[in-house]
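Quick heads-up: structures coming right below.
Each of the next two complexes has subunit A plus one other chain: subunit B in the first, subunit C in the second.
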Partner chain A sequence: MTLQGYREDDRDLLTGSWLAGELLGLPVPDRPPLAEPATVPPPSGDDDELCVLPGVAFVRYTGLDWVHRRARVEIGLREGHEDAASMLAGLAVDHGLRDLRLHRLYGWITPAVSPAARLLTEAGFRREVSVPDGFWLAGKLVEREIWALTHDE
Partner chain B sequence: MTTAITAPAELPRWSSRVPRGQDREQLLDLFTEPDFYFRTERPRFLPEREIDEILGDGARLLLADGQLAGLYAFDAEGSPHGCHFSLNLRLRASAPLPWWISAYHELDRAIRWQREVVRLSMHFAEFDARGLRAARAMGLTEEGTLAGVAVHDGRRHGRVFFSRTWRPAS
Partner chain C sequence: MSDLRVLEIAAAAAELADSAEAGRGFLGLDPVTQNEPLLAAELARMSAGVCRADDALVGFAPNPGQPRQMFLASTSARPEPVTSLLGFLRTYCRSDSYLAMVPAGHPSAAAFESCRFTRIGTLRGHWYQSGEYRDITVYFAKAAVECPS
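Moving on to the complex of A and B:
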């Protein structure tokens, strides 16, 4: 499977039950049913690149810096497609490094609810920073982490 | 088209979403109910354009077992760091009181899951019997009445304020 360019028919993929801004956004257990879903905007300029795996997930490279060759990555998977998370992480890395020729990919992980650490490690990411009390979740401030991958030429 | 709500004894599974074009007929139908006081005190007299304005500013459909049961909207009050929000919640006339209570508690849980809330307030006009009954059943603190701010049926009425507050995180 390969990522594809975004089309208007893919719009439903841009809203879901992952945490906003999460590097590998999976549906959150025990999320209140009326909690506002996370959403990302359709691509609108040179600062972001949005790809999709139709019906399954989006991969967004935002804050693209073409000088320093870096981008923050967000992936959002639709409910029922959690099994594709590992593949998506690999596709996101491959597209970012090979097609976009980026040197550094990074993003947010929320350890309290994210099972993504192992998947991201397998995809080549490593934990760089812990940000204590960095995110409001489930009635309290929780730790968030920055995970990153740098490309060795 | 009116969607009948026929199972008052059990609490429904709640969900919500942004209004879409396909919802238009059902949405307009809500405002034919004489006491559908969602961001208005004169629902039956609103032109379609004003209904669009009401729905366009953060309103969400409230679905009970997938069927439209009402509308809600959270609005920030005052400066953003104050963590003060107001909730407009309206269920259609056929919804029983336990649904109001259940919907309120799910909305309370939802907004406080995602952000810090120090104060969540609601208000209902003095002539809004269903709204007042629901607010008092939800266990909110009744704070008082702002007199004479609404006109209904040829008379001026007040608006009754309710709230819950939580200790700030910092």
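Moving on to the complex of A and C:
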């Protein structure tokens, strides 16, 4: 399978129950019904690259910086497709490093809800920073981590 | 303590452009490779604020996932501008914690260390300057921490 460019037909993929800005956003179980779903905007300029795996997930490279050759990655999976998470992390890395020729991919992970650490480690990401009180979740402040992958040129 | 003067976005971009080397890495911006309109657009996108404090510029931008956590930046090694900014943010923005992302070798690291920020990690190869990738050091402080200077 390969990532494809975003089309208007894929808009449903851009809203879901993962956490906003999450590097590998899996559906959060037991999310309160009144909690607003996370959403990402369709691409509107040169700062974002938005790809999809049709019907399954989106992969967004945001804050694309061609001087520093880096991007922050967000992945959002639809409910019922959690088993595709490992493959998607691999596809996101391949596209970022090989097609976009980036030097560095990074993103946010929220340990309180994310079981994704092992999947990210297998894809080559490493935890670089743990930020105390970095995210507001379910009525309290929780730690958020920055995970990154750096490709030596 | 330094007197703070809040700058409009356009004035902030102009002063940042004038700051040259000291402004590199200021809230992730680079006045050497980015022109004034781009600096202004990036500051607006981040909802950032920039203040003049004596001979230094200090800046802040909210963490989108936790708006009471502010990303900070300074162009100076002196702690006084950062002290003034912390007081301003605590009093007027109700900020409760701070992050600073400082490129390796940038003078502002001394200012944050003087204000008892702690190093919580390193972003490896996050910044490209003068032909090589450089690390970014990440500093953190809770709002209760007062700068001793």
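Everything below uses one rule, namely that the second predicted complex is superposed on the first by the 153 of 153 C-alpha atoms of A that agree within 3 Å, B and C clash if a C-alpha of one lies under 4 Å from a C-alpha of the other, contacts with A are read in each partner's own complex, and residues count from 1 in each chain.
Basically, a residue touches a chain if its C-beta (ideal position, glycine included) is under 8 Å from a C-beta of that chain, and two chains touch if they have at least 3 such contacts.
Keep in mind the model is a prediction, meaning the values are calculated, not measured.
Bringing the complexes onto one copy of subunit A puts subunit B beside subunit C with no clash. When subunit B and subunit C are set side by side, the one touching more residues of subunit A is C.
With both structures placed on the common chain, the touch criterion links A:A112 to neither subunit B nor subunit C.
Shared-chain residue A:E36: touches subunit B; no touch with subunit C. With both structures placed on the common chain, the touch criterion links A:V129 to subunit C but leaves subunit B unconnected. In the superposition on chain A, A:G139 makes contact with subunit B only, while subunit C stays out of contact range.
Contacts of A:R104 after superposition on the shared chain: subunit C is touched, whereas subunit B is not. By the document's definition of touching, neither partner reaches A:M1: not subunit B, not subunit C.
Figure note: vertex subunit A, arms to subunit B and subunit C, all at CA centres after fitting on chain A; angle 90 degrees, rounded to a multiple of 10. Superposition on the common chain places the nearest Cα atoms of subunit B and subunit C 7 Å from each other. The intersection of subunit A residues touching subunit B with those touching subunit C, taken from the two complexes, comprises 136, 141.
Listed in rising order, the residues of subunit A touching subunit B in the complex are 31-36, 136-141. Touching subunit A in their complex are the following residues of subunit B: 13-16, 62, 106-107, 109-116, 169. Every residue of subunit A that touches subunit C in the complex is listed here, in rising order: 20-21, 67-70, 103-104, 106, 108, 128-136, 141, 144, 146, 148, 150, 152. Per the touch definition, subunit C reaches subunit A in the complex via residues 30, 33, 63-66, 69, 96-97, 99, 120-128, 133, 138, 140, 142.
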